[in-house]
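Two complexes, one shared chain (subunit A), two partners (subunit B, subunit C).
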Partner chain A sequence: MWLWFSKLGSPKWFYELSGKWLPWLIAAMVVFMTVGLVWGLLFLPPDYQQGFTSRILIVHVAVAGTSLAFFPLLLVSGTITLVWRMKLADMVAKNAAILGAWFSFITLATGSLWGSVMWGTWWEWTDSRLVSMLFQLFLLLGVISLRSALEDSETAAKACALLSIVGCINVVIIKYSVEWWNTLHQVSSPVSMDTQSPNGPEFWIATLIMIVAVYLFLSVSLILSTRNEILERERKSQWVQDLVSKS
Partner chain B sequence: MKPHRRKKLGIIIFIAAGLSVAVGFTAFALKQNINMFYTPTQVAEGEVGSGQHFRIGGMVKTGTVLGATDSLKVNFVTTDFISDVPIQYEGILPDLFREGQGIVAEGEMDANGVFQASRVLAKHDENFMSPEVKAALDASGASAENHSPVATN
Partner chain C sequence: MLDAIQFSSFAEFIDMGGYGFNVWSVYGLFAIFVAVNLVLPLRKKQKILRQLKRRMMLEEEIKSEDS
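Here is the complex of A and B:
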């Protein structure tokens, strides 16, 4: 098991394996994204009160849910960086922070759009769900700037890993903010199997497809950017030299 | 696992656990401060000091919305089905504002016990329904308001 673990940490091995997976992941992403967006934005039934504005939430819910995966991902990669000093973990972490910031931003933007129509406000500083999500964006921007501020890449990797591990607690706060405190933001919708009750399959199947699509998008983006990172950091190694001379 | 790695992992777990406990206690201590609004019951129990600017959240009681014909003034009663608080507001209401809907109002209590709101926001609950489902539920006598409990605690 430890042998497999250290093999996984080898950038060369990851580069080769991810190269084989990428076409399949991209194909799956295109299928799910197309079905999810077309269904969600063009064919989803309107809500009886919100009308077609509820369609914004197809994108919002999928991106928001996925954005909560970044800190757990950074927790795992950060721990590996600190304990086992695997170079690959830090390459993943670097790009995950940037992607996570974008996901958080899109969550806030789509949420604001919906809120401006439904709540009558773009932003409420007193809502703990909204503010904790903004805090996640700032934390990730903090991780990104911390890395660029430190010149030594090994120190930067360690500092970012530590900040990410500490920042992980915010995910729990985001998740439960709507249950622990009174907020303007609604709690998570419970899904229902019954077509004749609220939150029936007509709503959540499209949302589920969109969630899978966004997760696939996250995987593809992360793999592509990590591959670039590998080539850049390993540019002096023999296998990258060989790869470049072959192409 | 090598001893120095085990030690490092131990330190990380210790930091994470310590931080979780600290944040947990802080969140618990700040419980009321982080709440966005008070419920009508909390207001009735006198949890809000007089002259204080605060937010109140509850349902718009059915049959209580009285709009003036010559201005944007509107009076309604907000309820959590235990206590009621009358609210007066002048301004544009959000589209979602209607009877039986959750709202959050910001303002202060006047001497007559009427909440003078400077802002009214609509709160949407977690239920999504197509017009067909809503019509079917209404026909069977189980409307959304009846089986969704108050969205406030």
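Here is the complex of A and C:
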């Protein structure tokens, strides 16, 4: 178990293994993205209240739900960096923060584009779901700037781990905000198998496909940028030199 | 399967029941978001490999001049 764990932390090992996984992950991502987007744009029936704006929601819900995974990921990788000094975890954390900020931004933008027609407003400062999501974006921007200001230092790792704890508490607040303080953002619709129901199977299966597609995209993008980080940080090692001379 | 397509003309498809701007903005934004976060790391990898290769060749040149 310990041998496996320290092997997993070795950048070289990760680089080789992820190289084998990437083609499969990319293929699965392309399949799910294509099915999800074609279904969303062509086949999804209009909602009885929202018309075709329900098509916005399959993208919005998938990106928003996935964006909640970043702070738990940052907390886990931050802990591994601080406790076991694993370099790989730190490289993942650096790129996850940047990708997470993208996810949070896209969540807010797609939500606004839906809200502007369905709620009649782009933004509502009194809505807890909207404000806590904006707070997540700012926290991630905070993590990114902290890391770039205190490059690769112990202080940076500690400060970011601390911010990740705040971020994880905020994730819980985002998740339950619609139930605790009900202002504007609606609660999650219950899943229904009934084809006559407004949120029947076509709608939630399309959402589910998009969620899988977005998670696959997250993994592919994060693996690609982590591999770049490995090449840069390990450029003096023999295996990178060999790789470069072969390329 | 094709009968399940919700539109009878291309104009209707663009219009999205009157919500064309919002629906297409969301899908456009999403496409940009996905493309950027895949293309940028791929291009960066090429750049890193090119730089490392150049450095390696320089080092070899210096070594051969020394000897």
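Operating definition for what follows: the second predicted complex is superposed on the first by the 239 of 247 C-alpha atoms of A that agree within 3 Å, B and C clash if a C-alpha of one lies under 4 Å from a C-alpha of the other, contacts with A are read in each partner's own complex, and residues count from 1 in each chain.
One rule holds in what follows: a contact is a pair of C-beta atoms (placed from the backbone, for glycine too) under 8 Å apart; a residue touches a chain by one contact, two chains touch by 3 or more.
Since we're looking at a predicted model, the values are computed, not measured.
S.K.: With everything superposed onto subunit A, say whether subunit B and subunit C fit together or clash.
M.R.: fit
S.K.: Report for A:117: first if it touches subunit B alone, second if subunit C alone, otherwise both or neither.
M.R.: both
S.K.: For the combined three-chain view, what is the angle at the C-alpha centre of subunit A formed with the C-alpha centres of subunit B and subunit C, to the nearest 10°?
M.R.: 120
S.K.: Is A:45 contacted by the first partner subunit B, the second partner subunit C, both or neither?
M.R.: both
S.K.: Report for A:102: first if it touches subunit B alone, second if subunit C alone, otherwise both or neither.
M.R.: second
S.K.: Would you sort A:217 into first (subunit B), second (subunit C), both or neither based on which partner it touches?
M.R.: It touches subunit C, and subunit B stays clear.
S.K.: For A:83, decide between first (touching subunit B), second (touching subunit C), both and neither.
M.R.: A:83: touches subunit B, not subunit C.
S.K.: Mind working out whether A:237 is in touch with subunit B, subunit C, both or neither, as first, second, both or neither?
M.R.: A:237: touches no partner chain.
S.K.: If you stack the two complexes on chain A, which partner ends up touching A:10: first (subunit B), second (subunit C), both, or neither?
M.R.: In the superposition, A:10 contacts neither subunit B nor subunit C.
S.K.: A:55 contacts which: subunit B (first), subunit C (second), both, neither?
M.R.: second
S.K.: Determine, under the contact definition given at the top, whether A:37 touches first (subunit B), second (subunit C), both, or neither.
M.R.: A:37: touches subunit C, not subunit B.
S.K.: Enter the shortest inter-chain Cα distance between subunit B and subunit C once the structures share a common frame, rounded to whole Å.
M.R.: 12
S.K.: Need the overlap of the two footprints on subunit A, from subunit B and from subunit C, as residue ranges.
M.R.: Common to the two interfaces on subunit A: residues 45-46, 117.
S.K.: Which positions of subunit A touch subunit B when the two form their complex?
M.R.: My answer: residues 45-50, 54, 57, 79, 82-84, 117-121, 124, 126-128, 165-166, 168-169, 172-173, 180-184, 186-190, 195-200, 202-203.
S.K.: Taking the complex as given, what residues does subunit A use to touch subunit C?
M.R.: 33, 37, 40-46, 51-53, 55-56, 59-60, 63, 99, 102, 106, 109-110, 113-114, 116-117, 217, 220-221, 224-225, 227-228, 231-232, 235, 240-241, 244-245, 247
S.K.: Which subunit B residues qualify as touching subunit A in the complex?
M.R.: Interface residues on the subunit B side: 5, 8-9, 12, 15-16, 19-20, 23, 27, 31, 34-39, 55, 57, 93-97, 101, 104, 120-134, 136-137, 144, 148, 151-153.
S.K.: Taking the touch rule as given, give the residues of subunit C at its contact with subunit A in the complex, in rising order.
M.R.: The contact residues of subunit C facing subunit A are 4-7, 13, 16-19, 22-23, 25-27, 29-30, 33-34, 37-38, 41-42, 44-45, 48-49, 52-53, 56.
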